[in-house]
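The same chain A turns up in both complexes below, where it pairs with chain B and then with chain C.
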Partner chain A sequence: MANVRIERLHKEFRGAGGIVHALADLTLDIADGEFISLVGPSGCGKTTALRIIAGLETPTSGRILFDGRDITRLEPRDRNIAMVFQSYALYPHMTVRQNLEYGLRKRGAPRDERARKVAAIAAMLRIEPMLDRRPLQLSGGQRQRVALGRALIRDPEVFLLDEPLSNLDAKLRVHMRAELAALHQKVRTTMVYVTHDQLEAMTLSDRIVVMNHGVMQQVGRPEEIYSRPANRFVAEFIGTPSMNMIEGQVRTEAGRPLFTGPGITVVLPRDAPQALPSSGRATLGIRPEHVSLVAPDAPGAIPARVTVSELAGPERFHFVAVEGGSIIVRTPAATVLHPGETVALGFDPDRLHLFDGTGEDAPALR
Partner chain B sequence: MAPNEAEAALAREGGASWRAARRAGGLLAALRDQHLGVILLLPSALTFLVLLVFPLGYGIWTSFFQRHVLDPEGVWVGLGNYVWLFGNREFWHSLTISTFWAGATVGLQIVLGTAVALLLHQPFKGRSLVRGLVLFPYMMPVVSVVLVWMLLYNALYGVINYLLVASGIVGAPIAWLSDPDSAFWGVVFVGVWKYLPFVVVIVLARLQVIPQDLYEAARIDGAGAVARFLDITLHQIKDVLLVVALLRTIFMFNNFEIVFLLTGGGPLRATMTLPILVYEQAFGTYELGRGSAIAVVMFFLLIAVMSVYFAFLRKEPD
Partner chain C sequence: MPPRNAARLYPLVLLLLAFVAFPLYWMASTSLKPQTEVFRVPPTFVPETWTLRHYVELFWLTDFGLLFVNSLKVCLVSTGLALVVGSLGAYALARFRVRGKEAYGRLVLLAYMFPGALLVIPLLLLFRQLGLTNSHLGLSLAYLTFAVPFVMWVMRDFFASVPVDLEEAALIDGASRLGALWDVVLPQAVPGLIATGIFAFLFAWNEYLFALILISDESLRTLPPGMMRFVSTTDTNWGLIMAASTLATLPMALAFGLIQRYLVTGLGAGGVKG
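What follows is the complex of A and B.
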């Protein structure tokens, strides 16, 4: 077990198509035993970060430290890490047992130690009946477990997982997610987990790192990321359906900050930041579950017309048109609205997000 | 008026072709599935029969006759040609030479071809160009290859001898192809050189589809370069190597022109392979029957080797 320090990591790929900045100035401290997830859209540099920690890729600049030891230039095998690949990368011609013990064999572990460890891991992951089969003769979930086992068996200091569940069907994914959580509870190894499934990140992680274009946007506990996104990108990326965004102006009227968008005027709570955006341009964000249906004559009610209603199990998502665009409202399934119907919306004033500007990187004001 | 007429004509025509299609459909439907299968297979089956089975059968038939080129009727001798063959030292000598020739050329082609493919798989500047150049020997006509190598091997003005003598490795030039001790390896080298690209191209294609993450997983598991080659690369290319070995063995065993053009089977029969012996019997001494008998034996030898080989392949689990 080890803590991991990532220091000012940069990575550029130079190719025929020019230079790709895959990672820019990534600094991150991962505590011993922590489960940390890297999330972000495709191509944001998650895999690159993981591969640099693994030693499969060398950074353009920056350092990686395990327990204070600089390991940036070490070969993967000298780092005591283990990695689970998205494709599992099981050795196809070896049996499950040979796959599991390959790393031990290459490190010269004696036969009885190998047998003992294989037995222990196989019992833990419930793959004993498959030990003499080959990867091709296993189901996706079983392969996944073997890949986990191959990583676990060496008792690594740091455990790296690159979208290990993305090749599984939805049901198995939920199941394996729970198994992973239980596994981490048991082994308490530092785990760095790459995913673009935010639900996985939310449910598994101690902390989440949100990345975009190679730049870390925010790091924090799942509830922190969800309820206090640092900027507009994080706010929109985390949460399904994503946060409603309304672009407009902020000004002060009669001592109270006021947001005005197309057809919308929202009085911001008193604790709104003192420093309002200098340009006056701002984005108001509100999650679908914090929009409610109110009486048309309620103060501040926003008129809207229903375009589509979707039933999603225990709840419903209503897409409603307002003057400036479309807003999603999340209600219990019992609330039935019909397309074309006119409704009035109210925003929960305590759950409003305000961003300085209208760009992706607009920082949160509250 | 006119457009309407045209339309009507079109409708009539359409109706007619529709009826034709229905008749044809009825005909097809009348045929049971397996009948249709047989009909569809007929063209290829006939081609197979005419181009493959007939010449083969004719060859076997001929081997039962004593038959001179000038005497197309021939005399039925039954297994006489085979009796002659198996009692003939020439035949056993040539069989040995052929086996060594096929074994040496195929073995070297596989080992060197894999090595070259591995080299060409590494990224380096100008790789595409080199990959193209490697094909060169394979594209050259055999006659040109032979001419080039005869010049290179030449004892008086050959480059190889010049370099060997100049660098002091040998005292006097070696008559590579006319010395019974070196002629065999002289022809083997040309055979390897000419057909190496075949192995390189196929192995290289296979190398390119090995998933990269297998190597990365192995690196993390602590495998060095040699272990990665033995534990991953070799297993991944094993299947194509086995197929390539089979194809090359059949080809090299039957190969006639390289050895014949370089040495004609000499010196002192040191490179007398079976195909050259067939040629000698059939067109040198005009014993068509005996020549055919040798060819038939070669054919069944290859069949036997292939059967053993496939039995062995099938036993290998995936």
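What follows is the complex of A and C.
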């Protein structure tokens, strides 16, 4: 096991279309035994970062250190890492047993040690009956377990996972997610997990790194990322359905900060950001669960008309039209609204997010 | 294609088959006729008298056995070398980021299409200086001029169709580049290796011009130029030639029969796998 330090990592790709900056100035400390997720839309640099840690790509500049040792220039095989691929990458011509022990064989482990470790891993992942089958004869979940086993068997210092669950169907994915969490509890190896699924990142990680366009947007514990997003991109990327965003102006009236958008005026709480944007342009964000249905004559009530109501098991999502656009409201399933119905909305004043400007990366005002 | 339409194609297939197979049948049947029946008009399609005389003559009166062994040696060596060199080259073309890779790939195809007749004289001059004329190794090397580009061209697509993840998994599991190639990539490319190997072997087995010009020592001759000695100015022993041809064809026909399955997946897999 090891802690990982990523220092000022840059990666450029030169292609026909010029230079692409896949990764810009990434610095990150990962603690020994930590489960950390890199999350972001495709092309955000998360996979590039993982491949550089693995040694499958060379960074343009910057360093990677395991326990203080600079490993930036080492070959993958000299790093004592293990990796689970999105496609599992099981060797199709080898049996499950041969797949599992390939890494041990390459490191010259004697036969009895190999047999012992294969038995232990197979028992842990419940794949003993399949040891003599080939990958093509296994189901998706079984292949996934074998891929995990092949990585675990070598007791790597760092465990890298590249979207390991995205090829599974929805039900199995939830199941394997729980298994993965339990596995990390058991082995306590440093894990770096790449995913575009923010829910996976939220449920599994000790900390989350949100990335976009090769730049780290925010790093923090899941609840931190969820409740205090650093900028508009993080706020919109984390959480389903997305945070509601209303673009408008901020000004001070009678000593109180006031947000006005199309058809909306919201009095910001007293402890709202002191430093208001000089331009006056701002984006107000509020999560669907922090919007409530209020009486039409309540102070600050925002009139809206229901367009669509979706039942999602124990809760409902209502899409309602306000003057400036559409807002999603999350309520218990018992709250039934019909399309066309007129309602009034209230925003929880303690759960408002205010962003400086209206751009994608508008920083949060605190 | 639905079976109904396939059935309609059978007559066409049979026609093509007859066109291709009849000369082979004629060769085999002629080799089993006595000399007098060979020239009879109208010809007999099934031999009236069956005889193995030509085959006996072939082994007792000519050095067919020696020619056969010489051919086998040269073809095996050139095919083996072509597979090793060509595969490594193809792998590099498929995987590595090299400047001018595409241009180099096209040059390989050009080299393959270059007529052998234009190469043979320069090769002869070069081989004389190097002492490679009248040598089986020399002839094998000469065959690499078409075998290597061919293997490279076909195997490149094969390697490109093997998922990169597999190799990367092997690299992380502790393999070197060559180790990953050997342990993981080559086993996926076996059908391709067999298919290209067979073709490379076949080219060499049938090759006449290089063999005639680069080898002048009778004891080192290979089959195609060796069999030409059965044709003399006064007399052509057709029965003998057909017997030799039949025996020379046999190993290839057997090989094709055995690996047919691989051949179909092999030639198909390179371009459109998955």
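Just so it is clear, the second predicted complex is superposed on the first by the 366 of 366 C-alpha atoms of A that agree within 3 Å, B and C clash if a C-alpha of one lies under 4 Å from a C-alpha of the other, contacts with A are read in each partner's own complex, and residues count from 1 in each chain.
Keep in mind that, in the parts below, contacts are C-beta pairs under 8 Å (C-beta built on N, C-alpha and C of every residue); 3 or more make two chains touch, one makes a residue touch a chain.
On a predicted model such as this, the values are computed, not experimentally measured, just so you know.
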| item | value |
| --- | --- |
| Partners on chain A (chain B, chain C) - clash or fit | clash |
| Partner chain(s) touched by A:H338 [first = chain B, second = chain C, both, neither] | neither |
| Contacts of A:L136 with chain B and chain C, given as first, second, both or neither | first |
| First, second, both or neither for A:L56, with chain B first and chain C second | both |
| Which superposed partner A:K171 touches (first chain B, second chain C, both, neither) | neither |
| First, second, both or neither for A:A89, with chain B first and chain C second | both |
| Overlapping contact positions on chain A, where the chain C interface meets the chain B interface | 54-56, 75-77, 81-83, 85, 87, 89-93, 102-103, 106-107, 150, 154 |
| Chain B contact footprint on chain A (complex, rising order) | 54-56, 75-77, 81-83, 85, 87, 89-93, 102-103, 106-107, 134, 136, 150, 154 |
| Of chain B, residues touching chain A in the complex | 211, 213-214, 216-223, 227, 231-232, 235, 317-318 |
| Chain A partner contacts - residues on chain C that touch it in the complex | 163, 165-166, 168-176, 179, 183-184, 187-188 |
| Complex contact set, residues of chain A against chain C | 54-56, 75-77, 81-83, 85-87, 89-93, 102-103, 106-107, 150, 154 |
